Amino acid sequence: MLIYILRRTGAALATLAAASVVIFIFIHLIPGDPIYVMLGDEATPEQVEALRTRLGLDRSLPVQYFYWVGNVLQGDLGTSIFFQEPVTRIILDGAETSLLLATVTMVWIVLLGVPVGVLAATRHGTWIDQGLSGVAMLLASIPTFWVGLYLILIFAATLGWLPSSGYPSVFEEGGISNLRYLLLPSLTLAAPNAALILRLTRASMLDVAKEDYVRTARSKGIRPRRVVTRHILRNALLAVVSAFGFTFAALISEAVVTETVFALPGIGRMVVQSILRRDYPVIQGVILVIVCLYLVINLLVDISYRFLDPRVELE
Amino acid sequence: MTRSLRPFFDFFASRPVALIGLVYLVVIIVAALGANALVPYPPEQIEPVNRLSPPSWEHWFGTDHFGRDTFSRVIYGSRLALLIGVGVVSFALATGVPIGILSALFPRLGRVLMRMVDVMMAFPSLLMALGLIVILGQSVVNAILAIGMVYLTTTARITYGVSLRLREETYVEAASSMGASTLWVIRKHMLPNMISPLLVQASFVFAFAQLGAASLDFLGLGAPPEIPSWGNMLAESRIYITRAPWLLFYPGLMIVLTAFSLNLVGDALRDRMDPRFREMLGNKGR
Amino acid sequence: MLSVRNLVVSGGKGSAQIDIVSDVSFEIERGKVLGLVGESGSGKSITSLAVMGLLPHPQLWVRGGSIELDGADITEEPPYLRVERGHGGVAMIFQEPMTSLNPVLPIGEQIVEAVRVHDGSTGVTARNRAQELLDMVRIPDARLQLNAYPHELSGGMRQRVMIAIALACRPQALIADEPTTALDVTVQLQVLSLIRELCDTFDMGVLFITHDLGVVSELADSVAVMYGGKIVETGPVERLFNTPLHPYTAGLMGCVPDPSAGHRRFQTIPGQAPKPGEITHGCRFAPRCSHAQAICSDDAPTRVTEGARHFAECHFPISRGA
């Protein structure tokens, strides 16, 4: 068990190392000199050189890379050129919104996607199944921001039930009721993802229903409902659970558009703005953190499989 | 030619929903090709008097904040939608398929290439596309490249999976043991058997390319703003959502219907496909 | 005890509807084994699923005939309804022990599940019963093995677990669908003798489905030979082996290697078994039959009798003069 975890962690770290090189190279391919962005076009060459030396941008790329990695390992992701603040601080500021949004969205996805997927599968071939599958495919075909804008129009602008934008921190001001700021964004973000989980649950249930052991279960004389919950669902969810992991990791970055529509102060919106401002350290830091999150979640999914599926042990 | 198309039509005749999707796609193609002749107004024609007017006989879908005819712009928008779709699919296939096949045929090379694909997949797709746009600069071609890069990985993975299966199948083994050249094996045995899984993958990629392009446009990093793409129309009209909600309706609807139709067609094709490959094609590329 | 009369199982939609099993009748008696023999595609597995009430709807359904257990009509009753209505047990073991057990549940739980339904017991009582059943099918260390997962057991052990599950249903009749085909030869014999022994101990009727006439001659009391969805010959095992009436039965026996013949000679049946619905007129075996004459492909053969309980459907039965 320990060996397995260590091996998977090693593989994840190797991927992370490769990813950090890619990020570093990508960032330095971005045209435009951040020094001029910071100082403005009127800066004198002396000022430019001084700042370049201070930021270490005059050294060779490999040196800059190891310098960066060294700092990252000490928990220092650099300083934002635009805000003149540590990147870790900026990421932590956005993390609350992003993680809460992703969590609430994930709750919707699980609550809507799985039961409806099960319903569609148990009604396989009927109009209920065809209708639900069709709706799911439609939801997966809608741009999230389009839905978001109309939700704002209906529930915020017209009916005035919910706030249209922004999100004040639960910890700094207001209480848990601030979560209502996340209601519309989370539904917007959940729609296409819940649709995909629905389709996956349904397909997985239908696959498992064809298995020989389901026929064995029926032959024992247990009730159809119990055959579904204990034998079909349990095995079908194995495939779905791994999708939960990927989905959660993807939500952080997919939220870019949703956070923009609802003006939420999350990591996604921060990275888009930083890209437009050529704020290298922030882009670098945020992408590294997101990639890291993706790898950690993947690792957790892999490890959790050892508990969910007794067969994995042998392989 | 007619004989080989026959089962294709029979198939769609038995799947009415997929047929509707197919018909819609044909309509879009016609609209894109014949845009010049079809539209009542040039898409750039400005009528300040008629700013933000609701749908009427003169302007079926209303007008935008410059008084430009939304219907005409929506029709022209289908050009870019098709261009993006075809471009992204071509790029993803042209890069992903060789990577997948070579990785399956040469396991050593495959380990390196597939490892690289894994690393690329660890990057959040939308952020990767945004980053590429910033590096390459904002243009239609670069938008295609940026979105195409995202689907390069999924296409390579699928091709790899299918190729591995095909390689193990006896006839390919037999062919290579008889001294057939690699190129011959690829051309005679691999590619013909890959057409249907790749066709399914292509229709899903085409669908998700529409959504990806719309997101880039919306963030102001997709097609240059002067081009009437559906995503740009949505981005421009966004601030008028309360004053002129219809402005956002039609371009958005076009995106939804296009992506939906492609998904319907892809799904129908997948259902008919060889069960060996069906499981490899999730409808989850994004 | 268990009697199947004129069973017809159909599949397909509308005009494409075809009979996969047509007019099949047989009886299973307590303490006796009936071997149902045929090539793959002859409809023997479908027949067994129909008897079990497990036909995959809506692809397949019983179009005619009846299945009765001790006088109660159980046609198209799925197992859980049979339990509810107190119609007593038919249990089944399947061909693939590798895939017939749920991979994520310990085998104990899978046996207990059946015990609970059929005994109404729970908790420790049900678990003790499960252990008893494992002992009965000769699984060593039964108490420990209750917690084992299927993948930790060999194929033979898994098939024993399947038999334990079947016994938990307290069956009057047991259907075994090629239960040894997927197993090693040495294990095959053990499983076969276990089935025979349990049949005698519990006075169960057994329907043993196989394509292997050798297995049937070892195990069965009587035999029914299926071809193209029909039973073409049925009779007590020695009579059928000594004086086969139907050319198909004789052909099958020609396929059985006979080591006593010094040199091995396989006499095979030319051609291929018909697909369901392919032949609707006359005798279904006619195209492959060396004895066939014009009438065979036109008229359905009538039943011929050779002593009590030995029947065949053939125009020109062989043991009489041919």
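Letters A, B and C mark the chains as written, and numbering starts fresh at 1 in each.
In the analysis below, a contact is a pair of C-beta atoms (placed from the backbone, for glycine too) under 8 Å apart; a residue touches a chain by one contact, two chains touch by 3 or more.
Everything numeric in this text was worked out from a predicted model, so none of it was measured.
Any chain that touches chain A and also touches chain C would be listed here, but there is none. More C-beta pairs touch across the A-B interface than across any other pair of chains.
Distance between chain B and chain C, defined via averaged C-alpha coordinates, is recorded as 52 Å.
Remark: chain A and chain B have CA centroids separated by 23 Å (rounded to whole angstrom). Residue positions of chain C touching 2 or more other chains: there are none.
The part of chain A that touches chain C in the complex is made up of residues 125, 211-213, 215-224, 230-231, 234-235, 238, 308-311, 314. Looking at the complex, you find that chain B touches chain A at residues 17, 115-116, 118-120, 122-127, 130-131, 134-135, 137, 207, 211, 214-215, 218-219, 221, 231, 234, 238, 241-242, 245, 248, 252, 255-256, 259-260, 263-264, 267, 279, 282-284, 286. The touching residues of chain A, counted against chain B in their complex, run 15-16, 18-19, 22, 26, 29-31, 134, 137-138, 140-146, 149-150, 152-153, 157, 192, 196, 199-200, 207, 243, 249-250, 252-254, 256-257, 260, 271-272, 275, 283, 287, 290-291, 294-295. Per the touch definition, chain C reaches chain A in the complex via residues 52, 54, 58, 78-80, 82-83, 89, 91-92, 94, 96, 99-105, 110, 113-114, 117-118, 149, 151, 162, 165-166, 168-169.
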